[in-house]
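Following this line, the structures themselves.
Shared between the two complexes below is chain A, which has chain B as its partner in the first and chain C in the second.
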Partner chain A sequence: MSVDITSIDPYIRQFAVARSLLPGAGFAWLDAKRDAAIKRFGSNGFPTAKVEAWKFTNLNPLTQTTFHNVVVPSQPALTKAALAPYRLTPDCHLVVFVNGQFRPDLSALDHVPDGTRVVGLGDADEDDLHALIAPPSVAADSRARSLLDLNTAFMNDGAVVHLGRGAVLDPVQLLFVAIPDSAPLAFQPRNLIRAEAGSSATVLETYVSLGVGAYWTNVVTQIAIAPNAILRHYKLQAEGGSAFHVAATSVRLERQAAYRMFAVSLGAELGRNEFDIDLAATDATARLAGVTLACDAQHLDTTIRIDHSKPRGTSSQEFRSVVAGHAHAVFQGRIRVAPDAQKTDARQSSRNLLLSAAAAADTKPELEILADDVKCSHGATVGDLDRDALFYLQARGVDEADARSILIDAFLNELIEGIGGQAARAYFRRACDSWLAKGSRP
Partner chain B sequence: MLNIEDLHVEVDGKEILHGLDLRVPPGEVHAMMGPNGSGKSTLAYTLAGREGYAVTRGRVLFQGQDLTAMKPEERAQEGVFLAFQYPVEIPGVSNANFLKSAVNAVRRHRGQPELDAIEFLKLARQRLKLLNMDEASLSRPVNVGFSGGEKKRNEIFQMWMLDPRLAILDETDSGLDIDALKIVAEGVNALRGPGRATLLITHYQRLLDYVVPDKVHVLAAGRIIKSGDKELALELEAKGYADLVKAAAT
Partner chain C sequence: MTATQQTIESLRSLQGDYKYGFITDIESDFAPKGLNEDTVRFISAKKEEPQWLLDWRLKAFSIWQQTQEREPTWARVTYPKIDYQEIYYYAAPKRSKQPGSLDEVDPELLRTYEKLGIPLGERAALAGIAVDAVFDSISVATTFQGRLKELGIIFCPISEAVREHPELVRRYLGSVVPYSDNFFATLNSAVFSDGSFVYVPPGVHCPMELSTYFRINAKNSGQFERTLIIADKGSYVSYLEGCTAPMRDENQLHAAVVELVALEDAEIRYATVQNWYPGDKNGKGGIYNFVTKRGACRGARSRISWTQVETGSAITWKYPSVILQGDESVGKFHSVAVTNNWQQADTGTKMIHIGRNTRSTIISKGISAGHGQNTYRGLVRIQARAEGARNYSQCDSLLIGSQCGGHTVPYIEVKNRTARVEHEATTSKISDDQLFYCRQRGMSTEEAVTTIVNGFCREVLQNLPMEFAVEAQKLLGVSLEGSVG
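Moving on to the complex of A and B:
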């Protein structure tokens, strides 16, 4: 296998310098994990189109720049007021990261309820670190996980959210703010969400940029949901226009655990939002939905792997994209049903709206069903706005541009209406509305 | 009000209307009847400005202006209303939002102040009541899950809200039971008056018992082959179109 050394070497050199300064350095087991990870990254390199899971997403624009991993980045002055527009609600629990580093001064964690712990990676205990470093339980080609390895090597901050038995945390927001530097920076956050039995939490991840310039967020989030616990997980990816955003979220669900996820991706020049979901015990539920809004030359990819490992699991994937300019949206959804995962109910739907002739969408369902008593369905559409509906609106006096935005809005609203929490629903509607207000950009 | 001269229309490269002449003066209701495939719906869509209906010859004047030069929304704003034969379902868009956007687009064009949400609701409720329609339909997505009759009544409701100068009803009577038909007819009659005109496109005479037309035209093979008063409709009902079409062909 040939690997492009020039794109990899700088990271290997950066690691040699950073190694002894990273959190947890000195724990021999953790050092060994980091060493092994950078070694795998060195031999696998950046994923290329030859790796099936990266078939539609070409990382060349990312590999052409060397991003700098800075262990202790300089901390620009920033006020809480500057972050107000990005908050879910003015009074929600808040964990702020600026250029990858936890900022207690900007966070709001004074009233975290009993039985819950929300801290930065610097305050993680050894148990947390073990959980953070655990490989995803959903299997994949190791070459497909090269950037996860890079994160393992460099991870130097992130949020640890721990809910004790029966605890309730509603909601907490993890706000990642990038302030681009003249030299392109890489941020490698690693988050951990552990929900013990019977607990319930709402966690929103938000990625935004204050300022213009190239940077790379390469984030890994590890989630473990114990029996009868529920996690509502929201994510807004609104990175800067010259940014790269690669996220790998791995979720493991125990008996009767529930995971609800809603994501809106509209930022970054190139973005990839990857989810590995393991319904590892009986009667678990995972519902993932999301909206991709892409314009100009953006490339936004959503890749999901769901493993039904045990009986009576329910999963759904409902994703929609609106693609304008010469942007490109990708949806890949894999459902795997293990031989003894009988009575599985798995659904998948991908609908893509192309607003211009140069816009493109690729959607790939992948079903591997090894049990016989299961319900599985998938559907995908790629197309223009409904011309009959457009004419109907115009025939009632609505201008073509307004008619188009009414229909795009409706296409998105059908999913946004499904968000359980009122605050999150309003938050995402605002994000979509402001994207639409910039013009539906045919 | 509406003045059509020698109108030729092509759809997918095939000529459907072959030189149609029609004058509908203000204050009048005209019925356009004819067998299936005669070009009735083509006429309706052409007047509303649907994509793919190409005027290759002739002209259409509406209140003295060239209608064919206008976009569909401009025609609607100027006061042309088409009640669709098959009203379109639009998931995700509520009837209220849809209609408020439409009403205010038309009001803006006419230099009238826009209605706010409360004013709009007040007006809408009043009109719904007159049409014996459920107020809950306002919050439902446009035409989604509506029965055939509900869809047609919804068209009449929209017509009332938009207050057009020229209403074109494309087989609004088809598929309606007698009660719904009466409601639709009342809706049309309520908009009769000076300064307004109506073109009723229909296959059957039934609606004309309730909306008495000033003139009746028979469209066959893309041309008007006969015009007369309301008696013509009764004659067609009794004898059918066949003789008339044959006579026109010879």
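Moving on to the complex of A and C:
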């Protein structure tokens, strides 16, 4: 396959300049990894629709602009007060990144409990770097991971959250703030969350923009959850309207580890939220849920691959989208059950509401089952609101507009209700409510 | 010993064999081995075809040549590279002239069909089925042509249709599956030898089931038949297709194309019981079944339904599809696919909703046993203009044994908000509870397994014409014999 040179060339040239300035430069092994990654990116290019995992998401709008990776960024002036509306709670632990760079002056990490460590990538030790660079254990076409390679080459900051044995960290928020510049910028954060045996944590990732303009967040998050540890992972993607957001999260679960994830995606012109989950040991549990709210010309994609590698794993995926304007929502979910992963219980559901004539939804719930003693199911629906339900409400004197919003609200609430933490539940409800209020109406 | 292991044991003791694996010793005409432009010309000349058809074949061949390196690889099947120059593209039983009646057909051939249980003679009258029998590359006998003719129905080998009804063939051939469609359809367009042609005139309800029986006999030959069915306004036809092949150690290629056209208010029901030789217990031999089947609901309120029972072939690669162009047209796909031993099946459907208020239903049941790999791959696309379109899909997989795999890959693309699309899928094994329940009531384990499997497939088998339903049920039993687990 021929690769579009004009779109990738600028990044290869930027890398040549940035190489010696990136964190960890000088570690020969890391330099080699970065060199190999940029080489792969150079030969694979941006994923095209011909790469199966990107069939529904066309990156052309992204490749038409050259984004600048800023290795030594300016430090835009910002006050803590300006960030207050985006905080989970006024007193939660907070790690702030502005234009991809860690800002201790805006963060709140004074009271991080004993046994836990929350630092920027600049303070990561070599061990952390090794874990950060570990390739995802879920198999995929290397061309599908081209942007992950680009991140590996350019990663220059990010959060390292380390939980010692039995430690409890509840909650910590990673707040990524973009302040668009006249030139389009690219941010390539790389986060690491390591939960040692028996630990427990809640981590919220938030992506917001202060200002208008194009930029590109290409974030990679690596998560390792040791036996009996539990991680609650939340994510709010509320990037600016002309932004691009591509996120790849890979999670590896050990014996009896548990991972709970809830994501709301409502920002960016083009967004993709990708998860690779490996239930690498017995009795692990992964529950993922999320809501996509798309309007105008947005294109929002959720792609999930779950590998059941060992017996007695449980996984569930419950994703819903509300699509208005001429927006486009994509859901791709794959469950793979390895030959010896008996007694697996895996469920998946994708429900999509189309609110306007030009809205579109593509969904591809996929099962790949190589063990027989399993319970696997998936379901998908696409359509408008239930006409009978609308009629029921209208027959009781609710006008159509109100009836519609009641039903949309209920559709989303069913998932939001399932969020464990009260603060997080309120946080996401606020985000959804303000989206619904600002003109989701067709 | 667990119930599963008992099943293994008891099924192993039964050890069913492929009943249709015999070889008919008959003299055959072959085209020279291999494929080049001369092969295409040879086949066309053999069939005494008009120039336009030869040109059409040659266009297909030149496209196939250009794309030769692009054999599709997206399906979940693995097989060694096919050497397209090692295949005979034309093999026909020798005979002096076209048989005028059944009495003139080589008795050896009639005996073959007798063994296969295909009614070509008197029994056909009793069964009430008109049969077109295709042996390797050519059609050997078509029954009931006279009676159908009275109604204006044309049912004949496609090579005959090219001579007798060129205007119909020329108008519709390639109109649903163009010669550039995909690798295997393009190959078929270049070298297709025979197949059935059906035309049902406006308002005619075809009074009997039409049927084609395909048999691959010659060694190292490929079969490339092409079927074209046209149901004119307000007509109805039900069509059955069956297939078998001898047991050989080499893999044989079968790349067919089936095109259906339903005009206003017409209905076509197409049923297949595919029982090509699946290869032996160790996965040696068997047919590579790479088939393109597609129907077009051209007119308003037209209906097309595909029902398939896929138990044979080493590899099955087929996606019978419906293009729902006419308003209020209906597409249906009912499928049972069984893979045992080392069989691989990647099958499913495409429902393309273009017209308003179009409806489609997909029911797919995959059963894997032994080392079998069974994939459902399907597309439901609702285009922007398809107001009020409706789809319901259900794909269930049953796994028997721990070495097999069952996979589901549905694509759902919706561009109209008034559409309602629902998809459900499950994967499970035969539960120990179900087995226990049956055993407790005095059934043997193998009876219990057969009963449960038949229950699992019931929705699909119900859609088959009665004669086929009985055969299909038996086939399911045979196909699963010796399954591990």
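Keep this in mind: the second predicted complex is superposed on the first by the 442 of 442 C-alpha atoms of A that agree within 3 Å, B and C clash if a C-alpha of one lies under 4 Å from a C-alpha of the other, contacts with A are read in each partner's own complex, and residues count from 1 in each chain.
FYI, a residue touches a chain if its C-beta (ideal position, glycine included) is under 8 Å from a C-beta of that chain, and two chains touch if they have at least 3 such contacts.
In this text, all values refer to a predicted model and were calculated from it rather than measured experimentally.
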Here chain A is shared; do chain B and chain C fit on it together or clash? fit
I want to verify the contact counts: of chain B and chain C, which reaches more residues of chain A? C
In the superposed arrangement, which partner chain does A:378 touch: chain B (first), chain C (second), both, or neither? second
Is A:7 in contact with chain B, with chain C, with both, or with neither (first, second, both, neither)? neither
On the A-aligned overlay, A:366 touches which partner chain: chain B = first, chain C = second, or both, or neither? second
Could you tell me if A:354 is touching chain B, chain C, both of them or neither one (first, second, both, neither)? second
Scan A:65 for contacts with chain B and chain C and give back first, second, both or neither. neither
With the two structures laid over each other on chain A, which partner does A:342 touch: chain B (first), chain C (second), both, or neither? second
Using C-alpha centres only, what angle sits at chain A with arms pointing to chain B and chain C? Round to the nearest 10 degrees. 70
Is A:89 in contact with chain B, with chain C, with both, or with neither (first, second, both, neither)? neither
Once superposed, chain B sits from chain C at a minimum Cα distance (Å) of 13
Chain A residues where the chain B and chain C footprints coincide none
List the residues on chain B that touch chain A in their complex, please. 48-51, 71-73, 75-77, 82, 84, 87-93, 97-99, 101-103, 105-106, 109, 141-142, 158, 162
Interface residues, chain C side, partner chain A - complex: 74, 382, 384, 397, 399-429, 485
Touching chain B in the complex: which residues of chain A? 386-389, 391-400, 402-403, 406-407, 409-411, 413-414
Complex interface listing, chain A residues touching chain C: 52, 56, 339, 342, 352, 354-384
